[in-house]
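In the two complexes below, subunit A is the common chain; its partner is subunit B in one and subunit C in the other.
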Partner chain A sequence: MSPRPGFVLEVDRSTPPTLFWHGEGFRLERLPTGSRVLYAPEPIDALDDPVGAIRHALADPLGDSAPLASLLRPGMKLTIAFDDISLPLPPMRSPDVRQMVIEEVLELAAGAGVDDVVLIAALALHRRMTDAELRHALGDRVFDSFAPHGLLWQHDAEDPDELVHLGLTDQGEDVEINKRAATSDLLVYVNINLVAMDGGHKSVATGLASYRSLRHHHNARTMAHSRSFMDQHRSELHSSNWRMGRLIAAAGVKVFQIETTLNTDTFPEQFRFLQRREWEWNARDRAGFLASSKALEATPARLARSIFHSIRSPHRMTSVQAGEVEAVHARTTENVYAQQLLEVDGQSDVLTMGLPYICPYNVNSIMNPILVACLGLGYFFNMYRGKPLVRAGGVVILSHPTPWAFHPGHHPSYIDFFEQVLAETTDPAEIGKYEEAFATDPWYVHLYRTGHAYHGVHPFYMWYWCAHALEHVGAVIVVGGDRAAVRRLGFKPASTMADALEMAADVVGPDPSITHLHSPPLLMADVR
Partner chain B sequence: MKGLVFERNLARFAASRLVSAVGGSGRGVALGPLRLTDVEAPELPGPDWHRVRPLLAGICGSDLSTLDGRSSRYFEDVVSFPFVPGHEVLGVIDEDDGATHARGATGEGGGARVVVEPVLGCVARGIDPPCPACARGRTGGCERVAFGHLAPGLQIGFCADTGGGWSAGGLVAHESQLHPVPDSLSDDDAVMVEPTACAVHAALDAAVDPGATVAVLGAGTLGLCTVAAMAHLRTPGTLLVGARYAHQRRLAEELGADVVVDPDQLTRAVRRRSRSLEFSNTLTGGADVVVDCVGSDQSLAQALAMVRPRGRVVLVGMPGRVTVDLASLWHREVSISGAYAYGTELVDGTHRRTFDIAMEVVAATGLGRLVSARYPLERFEEALAHAGAAGSRGAVKVVFDLRRPAMRATPSVTRGAARRQQDRPTSRTTARPKKGSPP
Partner chain C sequence: MTGRARRLRQLRPTGFPWASPTWPATVDRPAPERHLGVDYDTEWSRRYGARLVRAMVIDNVTRPLVHAVASPEVRGAEVLELVEAPAIFVANHASHVDTPLLLTVLPPRIRHRTVVAAAADHFFDRRWKAHLWALGLAAIPIERHRVNRRSAENAAELVGQGWNLIVYPEGGRTHDGWFGVTRGGAAYLATRTGRPVVPVHIDGTYRILPRGGERLRRSPTCVTFGPPIVAGEGEATRKVEARISSALATLADEARSDWWTARRRAGSGQTPSPRGPDASPWRRAWALGPGADGGRPDPGRWALADD
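Our next item is the complex of A and B:
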């Protein structure tokens, strides 16, 4: 039976309660009659032979690229960059897509006699991955072949000796990227395109860039003008990255792009109820939900976090494209949309979301309040094409515990951002005055370079990610969150969904239209 | 006349200590060695002494520490029993006393309003020649506090011979200890002069260079007075304050702090300001001066963690026995010093009485606003419980009100606070002109 497309349910009296993610837990909420619930398309069929598909993509590339094998020769300098820990979500079961692709690339390189090969985790300003995380992404064989010999690098955006400035775009944007990558005879970039934002010129221009370069598109103005940043053609974020990418190409950096897409088979068997529509839950699903919920209620937060972060997703590859960057990315985007797109008729007054325990920046870490905001107002709000799911001046209701808690090793500058900057202002346009101090703070730089800390400027980026939503909506309400933390974010706390809907009515008027984004699994609304 | 008397009674002392340890500061009073009783006015010790009838008498952290049984045994020989507590005193010269200190200031009942400088130095003790500290005007450092013709006692309020402010029967003070209060100062302002003098001494003694980064830990009475004194008398580049409660944070900002955060966040705020690195939970750089207005193990450890190498930690809050790792102090050559009481200060080459400077600071910054509640002596248990939990109850300074009943305000935080907010400007610019702006 072929997978069913996404579905827009209109809630009526017979509709069972709707499942909301709530951090490391769930809530069942009864939405008012007439509310819409958006369900993601069912996972599309995975590739039967992913390795074969990879080989085919490398041999028959898109655009004007020659087959990878023909680009490889003895004595050349080859760099293989790959997406970092932020993708996919949750981390996938072994073998990871990166492992499968890189093994094939290395087979070809070995066959061609290439012996100067370096792997680089394209961190941008993300935290360095641990050895265990690298081993999981690359597999034992690759990791053991490269890491002990110093040939597995992690991009260091603060190492002046390992960056090269390639010039300015026609908009005056600095393009400064990893020197090893830029000076290689060939740069192969291996992507996992979990959402439509990922990949394209953004891979190199962002993943291997420095703060000097990133600041041109990671800012409040750019993000407010990216509507949405999941829609490349209406995204100033992408426009800037495309300008940079073309400059990188013009500077002589030869990029062979490999992009992969995954299906939305997101959760393992014991959480299978998360993939199903509530009215279709069978006894096993209900038992799974009850067992999970009751167990989590009795589990300390730290342990619950640990349990969830041990989840390995059964994601499977649905496509692989290789070759010239723009041609590859166009095909990839089609494939992402084929899995995730759901047609939705018009906007609503209120948009509700249940936020899970994970976002791109807290893998094996704590979902701090800034990341809660970023996941809800940055990522989920922007999962649209056309128009936002909520009307201008509408209300977004998030469900998440939003603890006032931070991982001190991963997010040190987030703590200061939360304590200092958000205490002063929550306006994305205003916070920029603090950015330079955070970006150049020697302590944050030290922790980024030597520990596992996100760069000092990273919390600003998270807040910029929210810029479009904050400009668009009239209010943000968080159900079940730490009240002090929610207020610090500039949002309104509510104890229950019913309270939140009453509060929303104060903003949008009585009997508002309501849409619930039932995600993850991921879906992207095509709002007409 | 009724007064509160602290007697040496070990059993009651132990009971108070136990109850306050469990129930919180000020909660053990009912079982402790303090009792309300008839108190005779103390005898005048000499011809230059005067009787003072208290109008307002503050409850200090050191009083609570004594009542709770938490104070250091160091003080045992510089206290004489029984004593009437109360060393933050606004009073009037007893009209039968014939004193001529009024200098035009008139208090209720025709006497002159005065604030009492309670330290009992050599002059008050009839010791001549005075000790080297008193000779230099540093009466707070008097070397004879346990000697002379008075019973031992650091201050009025801890001496069996002088009485103290927590008694309607009054106290006696040497004329060198009396400071007339100008009409322009309200009673609330005036009762804040003594704690402000402590803060003034700390601010002036702390070697704060212009532009220095100064961190103040704690925002109770002493902390807030220190903020006011530091902002008014010094020119720190950045004045950071760790304040636990919302009202303390608001007051600290009003009094001139540049950055006000929760105490748990203060080290990080200092780190950001100094752009320090860290190792072993200690900043590599840090604040030039840290003023510890708490005096606990934790506060001293935090102060040492956020002061820069060769910087200075000043203890203003009265510490007791503390346990702290001094490795960083040794390695980073940090100086640690106490700041106790007052005397005279060298300001711009001129020696001035600390109390005179304190009156100016109080007047300029409106520190009377810190008086949050007033209680009659009869409700001393409530008053001390309130003072012991001042922060969490939205208060700063709790005082005993010994004025005639008609003059007494209801002991209400909100009413008093609201009135004071209306009475005086409290903007930060009032307290502290912007740096670089013309005076």
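Our next item is the complex of A and C:
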């Protein structure tokens, strides 16, 4: 049976309660009659022969690129960059897409007699990956061939010896990227497009860039003018990256882009109720929900977190395209939309969403309050094309426990940002004055370069990510969150969804229209 | 309310997700996935394990029971020696006893390699019934009320795989003891597969367990096999169907008289119609005459409607 398209449900009296993610747990909430619930399209069919598709993509590239095999020659300098731990979510079951693609690229390179090959994890300002994470992403064969010989690198945005400044865009933006990548005869970038924001020129111009370069588009002004950053053509974030990408190409950096898309088969069989419409739950789904939710209630948070982070997603590849960056990305975006797009008629007064335990920046880590805000107001709020799902001045209701908890090894600067900066102001435009201090703090730089810490400036970026939503909505309410942490974020805490809806009515008026963004899986609303 | 009672009340699961979810009024209900009726997959019942169980039950339980209740007399069994399997056995149908009786009188080489076309709406409407008949009789579901290409194709496929097939062309048991209207399924299968059709007349089972009967009555039975009918190259299904009907009528006559008399009548076109007189129900019942034991009439002993 072919997968069903997305669906907009209008809640009536006979609609069963709706599932909300709630961190490392779930809630069933009864939404008022007349509310809309957006259900994502079902996972589309995966490629029957992904390796064959990769080979075909490399041999028959898009745009003006020649086949990869013809670009490889003995004595050349080849760099293969790949997306880091932030993609996909949750981490996928082996073999990871990156492994499959890189193995095929290396087969060709070996056949062509290329000796000088380096692999680089395109971290940007993210934390360095652990060996286990790298091994999972690349597979044993690749990891064991490169890591022991020092040929598996992790991009270091603070290493002055390994960065090269390629110039300024016509808007005066610095373009500074990894030197090895920029000075290679060929840079192959292996990308995973989980959402429409990923890929394109953003891969190299962000993933391999330095703070000096990133600050030009990772700021409150750019993010507030990206409406949304999931829609490349209306995203200032992308405009800036495209300018930089074209400058990189003009500087002589030859990029062979490989982009892949995944279906939204996000959780394994035991959690299949998460992806099913509630009224279609059979006895097995209900038993699965009850067993897991009751067990999680009795499980210490730390253990629950490690259980969830051990989940490996059954995501499978739905397309792979290679060649010239812009031609590749145009096809990739079509394929992402084919999986995720759902047409929605008009905005509503209130937008509700249940937030899961994971976002791009806390894989194998803690979902701290700043990341809760970023996931809700940065990512989920921006999963639209056209207009936001909630009207200007409307209310966003998030469901998440929002614990006042941070991973000191992964998010050290987040702690200070939360304690010091957000205590003073939550205005994305205002916080910019503290950015430089955090970005250049030697301790944070040291932890970023030698440990597994996100860069000192990263919490600012997370808050900038929320800039569009914070400017657009009238209030943000968090259901079931730590009250002190929620207040620190500048949001309003509520104990129950009913309380939250009453509080929302104070902002938008009585009998508000409500839309619930049901996830998983991911969907992108095409709001008309 | 005491604290304990209150706690118990809190513990009592009510509504979703403890119970099944209700269906939103704004969402169309999809047609339920069908796994019964003609959609029931009987493939499992033809695997080695199921066949072994079925053979043991038929040989050691069904066969002695049938012999005790029905005391079958078999006529024309020698034709089975000449029939090259797989074949299609076409019989009149008066009772639920017909199938076990027919299976037990077939020679073992055929008996254990035979499937039975059974009404999908009757034998496969419940999961337990579908499992029981598929295992016990190697029944396969056939749509009998309307043309269903899928069930016919399934049957043809099984014949093609070497399975003999028992078909009751009336599509169900007789209501009043007379032969009903035959349908063209058997003829279609004969022309489709090119396999021989063996006409079979079963006599006496209506007395043992008629339609609506609640308990078995012991009574002698007679099973008569006729010479196989093979559809000619390009022969129309309708003509094959007519040949099958005629063969069944002749066998019915033979069961009532003797082989030679029945052949002579067939040769002169005077075989009595097995469908009974075109008259009121009581006259049709009257025309059946008394049964062998002087009680319930026997459709096998068809009256000569034209007399």
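Of note:
The rule is short, and it goes like this: the second predicted complex is superposed on the first by the 528 of 528 C-alpha atoms of A that agree within 3 Å, B and C clash if a C-alpha of one lies under 4 Å from a C-alpha of the other, contacts with A are read in each partner's own complex, and residues count from 1 in each chain.
One rule holds in what follows: a residue touches a chain if its C-beta (ideal position, glycine included) is under 8 Å from a C-beta of that chain, and two chains touch if they have at least 3 such contacts.
In this text, all values refer to a predicted model and were calculated from it rather than measured experimentally.
Of the two partner chains, neither subunit B nor subunit C is touched by A:P510. When the shared chain is aligned, subunit B comes close enough to touch A:D416, but subunit C does not.
When the shared chain is aligned, no partner comes close enough to touch A:G172: not subunit B, not subunit C. Of the two partner chains, neither subunit B nor subunit C is touched by A:P74.
Once chain A of one complex is fitted onto chain A of the other, the partner contacts of A:D12 are limited to subunit C, with no touch recorded for subunit B. Taking subunit A as the reference, the larger set of touched residues comes from C, when subunit B and subunit C are compared. Look at A:F289: by the touch rule set out above, it reaches subunit C but stays clear of subunit B. Contacts from subunit A toward subunit B in the complex involve residues 415-416, 419-420, 437, 441-443, 446.
Touching subunit C in their complex are the following residues of subunit A: 9-17, 28, 278-281, 283, 286, 289-290.
Subunit B makes touch with subunit A in their complex at residues 261-262, 265, 268-269, 271-272, 275-278. Note for the complex: subunit C touches subunit A at residues 16-18, 20-27.
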